[in-house]
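I have a structure I would like to understand better, so I am pasting it below and will then ask my questions one at a time.
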Amino acid sequence: MTATSSTAAGPTGLGNARIGVVTFPGTLDDRDTQRAIRLAGGEAVELWHRDKDLKQVDAVVLAGGFSYGDYLRAGAISRFSPVMEMIIEGARQGLPVLGICNGFQILTESHLLPGAMLRNNHLHFICRDQRLRVENADTAWTNSYEAGQEISIPLKNIDGRYVADERTLDELEAEGRVAFRYLGMNPNGSLRDIAGITNAAGNVVGLMPHPEHAVEPLIGTGRTDGLGFFTSVLKQLVSA
Amino acid sequence: MARVVVDVMLKPEILDPQGQAVHRALPRLGFEGIADVRQGKRFELEVEGPLDDAALARIHEMAETFLANTVIEDFTVRVDS
Amino acid sequence: MARVVVDVMLKPEILDPQGQAVHRALPRLGFEGIADVRQGKRFELEVEGPLDDAALARIHEMAETFLANTVIEDFTVRVDS
Amino acid sequence: MTLDTVKHAEQTPDAEQPWAELGLKPDEYARIREILGRRPTGAELAMYSVMWSEHCSYKSSKVHLRQFGEKAPANDAMLVGIGENAGVVDVGQGYAVTFKVESHNHPSYVEPYQGAATGVGGIVRDILAMGARPVAVVDPLRFGAADHPDTKRVLPGVVAGIGGYGNCLGLPNIGGEVVFDACYQGNPLVNAGCIGVMKHEDIHLAKASGAGNKVILYGARTGGDGIGGVSVLASETFDDAKPAKRPAVQVGDPFQEKLLIECTLEIFAEKLVAGIQDLGGAGLSCATSELASAGSGGMRVELDTVPLRDSSLSPEEILMSESQERMCAIVEPDKADRFLEICEKWDVIATVIGEVTDGSQLEIFWHGEQIVDVPPRSVAHDGPVYERPYARPEWQDALQADDAAKLPRPATGDGLRAQVLQLVSSPNQASKAWVTDQYDRFVQGNTVLAQPEDSGMVRIDPDTNLGVAIATDGNGRYAKLDPYTGAQLALAESYRNVAATGARPLAVSDCLNFGSPEDPAVMWQFAEATRGLADGCLALGTPVTGGNVSLYNQTGDTAIHPTPVVAVLGVIDDVSRRTPVAFAEEGQLIYLLGDTKEELGGSAWSQVVHGHLGGLPPKVDLEREKLLAEILISASRDGMVDAAHDLSDGGLIQALAESCLRGGKGARIVVPDGLDPFVFLFSESAGRAIVAVPRSEEVRFNDMCGARGLPAARIGVIDGTDITVQDQFTLPLAELREAHESTIPSLLT
């Protein structure tokens, strides 16, 4: 069951952008993320955790899942893979990198983003349609949204509680680096309702909910609120 | 207040996927010479009142019936000093 | 073979819902007099070769960079005897 | 240490063997000796004892299960039938779907998390072994009384285990059941089902052919899991002191299984295997003997090459180990290197442990000495077959005579209202979101419908929108009152659920959960239920493609309710035509399809309000079920209904409440002429559904039902934020929602 549809230029005509999707052992949402990229009009490029080059991609998504079973700590083992060395290097030089769920956990473990992810405060896995507010619409991955816009996309994890020390949190707030906040009920005890953050340059973004599961009207929650992540980066790459 | 530590480890004959995953990752990180890794849980209990034999017996019972699942886990209780 | 134990606990200022859940359940199970519970991880490493300062330093580094995430966790390394 | 080799067995014909401790009967042991023409070696005895156990040989159930083949309806869709790891059906466009339900009841009581987790792992490997990519799981569950303290231990553990394993594999959980009944107190039922998808040409079978082909064991290392009984053999054959401790519980490693899945799919894609089998119950004994007996030649295995987790394991124990996350493949020699390479890519340990021979025996060696020399078929297939005595229990008549019709009923609208609230907030009828929110239903990006919809539905081709649907149902209360009818009601409900979402029911899998087959009353229940199911499948044209039997589900002498769980698989050409449960559009008309009679035996109402179980279950009319399904499918295809919900336990009011809550809209309802309001709301007559019809479609929909002869009564309209039953009562949705959604969380947290 591989989606072979529309690998060429998509609706936005931005088909030349190559977006890598990393597969670690235990990654689950890589194929869905590739599909979302194609639906947005980009070209999805498979990256393997042992790869030592990034195949000339213009941006990278670290997809969701349970890399290495989330054993030890979510993202802790994946962080040390060869491909992550390249990505960490690239990210420092401005490569757009999006970490979704497990990908976000890998980004914090890699110290590309501050803070850490811990077990949900209720200790259960939770799968739900989650309302979010896009707080920062200036990043590589959010420029298709309006600041303050509300979106709904699926949330599904057991280690989704974002924590950082007060100083870091204040800094994130002051610099507008809280990219997404949970609306309604805080689903996991994340400090200051943080659902996702960005680095100072705005090229590295991580969030717990799953935009790639909200890109087709028929599937999942039936909403397409997540497509904007992928059109955002395509837009940014064209204008760059 | 006294602190009692309860260590809970999977029994040796039980598969420990977490410990295995850690063990397998070590050479990649450049750490050689570790023959095995097991991962377990550590509970730190702050105990009110005197830590006499009765209190320790109660904690032992708590470990046995609640903190550890003795079908698959072993535990030890010790006073932290 | 020597055994080294690495204990990893959440920093005191970080909320520990697992420990709290254990703590909250205790009175229901009839265990009184526990003021607090924190839950952490315990790693048992079987070390090949001599357990000299160099080996311990390596294990310390492993704990700091890998076994614990020092953003949220503290750790201790000790030789099990 | 003396190894019990074949030679040694020949030389010591009179050696005492612990066959009784291994669960063999005297005549079974005698038969083994007769088959071999000598006494078995310890390793052979281990293999026979486990493969001839109830669990692996189906010795008590076989004679009844045969009906599923004998009465199988002619069905072009069936590609692989009963007898393989799972059945396979054609769903069109070159796709084939395989699906099956299995039980992991007993382990889940001992250690709920791991028992349930490894149950998911096992069924997923069965599906994988057919050549398919697993695409979804379902989990029909049954627990003791909701307010029993042990349920608080078992249920959260089971749910966390199913979620912990399935979520980590990346399989959306799209359906299942959560049922509470005191009869499951000491014996919860943890059934798990999986669906897989492949192209026709990718179907793989468990057979070992082609002399010289390699036997490759891959996946986890082998440990001492699940070998309890055979330790007696180890202590017999080894002079040194007691063997090391063996685990009482198996621990699953979902990460390892995920690697196994991806690795195996890559191996399939390169067409590297000639035969493949998962390792489940009876481990290597089962895999090697089944592969060899299904093939043309024999097999030779060097057992000491098996990678071990515990070096103290004896050869008998290695043969019996049920360590999880392992597979066994038959690979042509020139493809073996590539096979091993792919395993290496995925960090999966793979070892050539033997090869297919041109002989006829399964031969197993340990450090060069032969310890097994058996005809593989005798192990895998020629196990004992029992014609267990069965008899209708003497209490059955009294139970059926204890009619639910005599129970007191509410006389006023207020009384009805109170009982409606009581019903929708009862544990069995309450929202199961607390459970299902712990399962990932979105992963793989193809989920069209998931719980609490009538059936789960996944898209299998994003280009054409082809999809499959699955529902599982079972009602032990009905089956207790009448096992024949109860099994057919489970089938009918599952079939109806699939049709309600717009999918065409195609095929059936089942998990038959019963008490001890040594009790003639239980055996009668089993015989009746299988007969009912086989007759029902014939009438509906949906063959049984595979399933599982779980016996000895009892606490002491008390058996669980007979609980046949039936899974129906359906296909839908275009998932954009799926019909959801939610009443979402104000002004749409609500129709009740089918006939409502006074049928309260075994009903949710009788249980919730009166704690009563007696009388007869609702009648089954399978022709009517077929007609209803046709109407639901046509209505979905032609866009005549926007929502549909089948009626089952809890009757009309339960279904109405669920559709309204899901859509966030109320309804104004009128009791049809000639129907008593109480019966209208609470009866559980089968063959019914409610649908939401847009006004523009009303004439067309009515004409269709009229022309085909299906009773269709307009009972109301979607409107407002209350459920109002005219002249009876009004219930605000908010109050209903609170009642429906707070029960399970408050019981479990």
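What to note about this one:
Order of writing sets the chain letters: A, B, C and D. Residues in each chain are counted from 1.
Throughout what follows, a residue touches a chain if its C-beta (ideal position, glycine included) is under 8 Å from a C-beta of that chain, and two chains touch if they have at least 3 such contacts.
Note that this is a predicted model, so its numbers are computed, not measured.
When the partners of chain B are compared with those of chain C, the chains appearing in both lists are A. Chain pairs A-B and A-D differ in how many C-beta pairs are in contact, and the one with more is A-D. Among the other chains, C has the CA centre that is most remote from the centre of chain D. Note: centroid distance chain C to chain D, computed from Cα atoms, is 41 Å.
Centre-to-centre spacing of chain A and chain D amounts to 36 Å, using the average Cα coordinate of each chain. One inter-chain figure worth recording: chain A and chain C are separated by 31 Å, centre to centre, where each centre is the mean of the chain's CA atoms.
Shared interface positions of chain A, i.e. residues touching 2 or more other chains, are given as 68-69, 71-72, 80.
Looking at chain C, one finds that residues 66-67 touch two or more other chains.
Within chain D, the positions touching two or more other chains are listed as 253, 255-256, 347. Looking at the complex, you find that chain D touches chain A at residues 133, 135, 160, 163-164, 167-170, 197, 253-256, 258-259, 346-347, 436-448, 459-463, 465, 575-576. Within the complex formed with chain A, the residues of chain B that make contact are 17-18, 21-22, 25, 28-29, 39.
Taken in their complex, chain D has these residues touching chain B: 110-111, 114, 220, 223-225, 244-253, 255-256, 309-310, 323-324, 347.
Across the interface of their complex, chain B is touched by residues 1, 7-9, 19, 22, 25-26, 29, 31, 33-49, 55, 58, 62, 65-67 of chain C. Every residue of chain A that touches chain D in the complex is listed here, in rising order: 1, 3-5, 25-26, 28-29, 31-32, 35-36, 65-66, 68-71, 124-128, 154, 156, 158, 210, 212-213, 216, 218-221.
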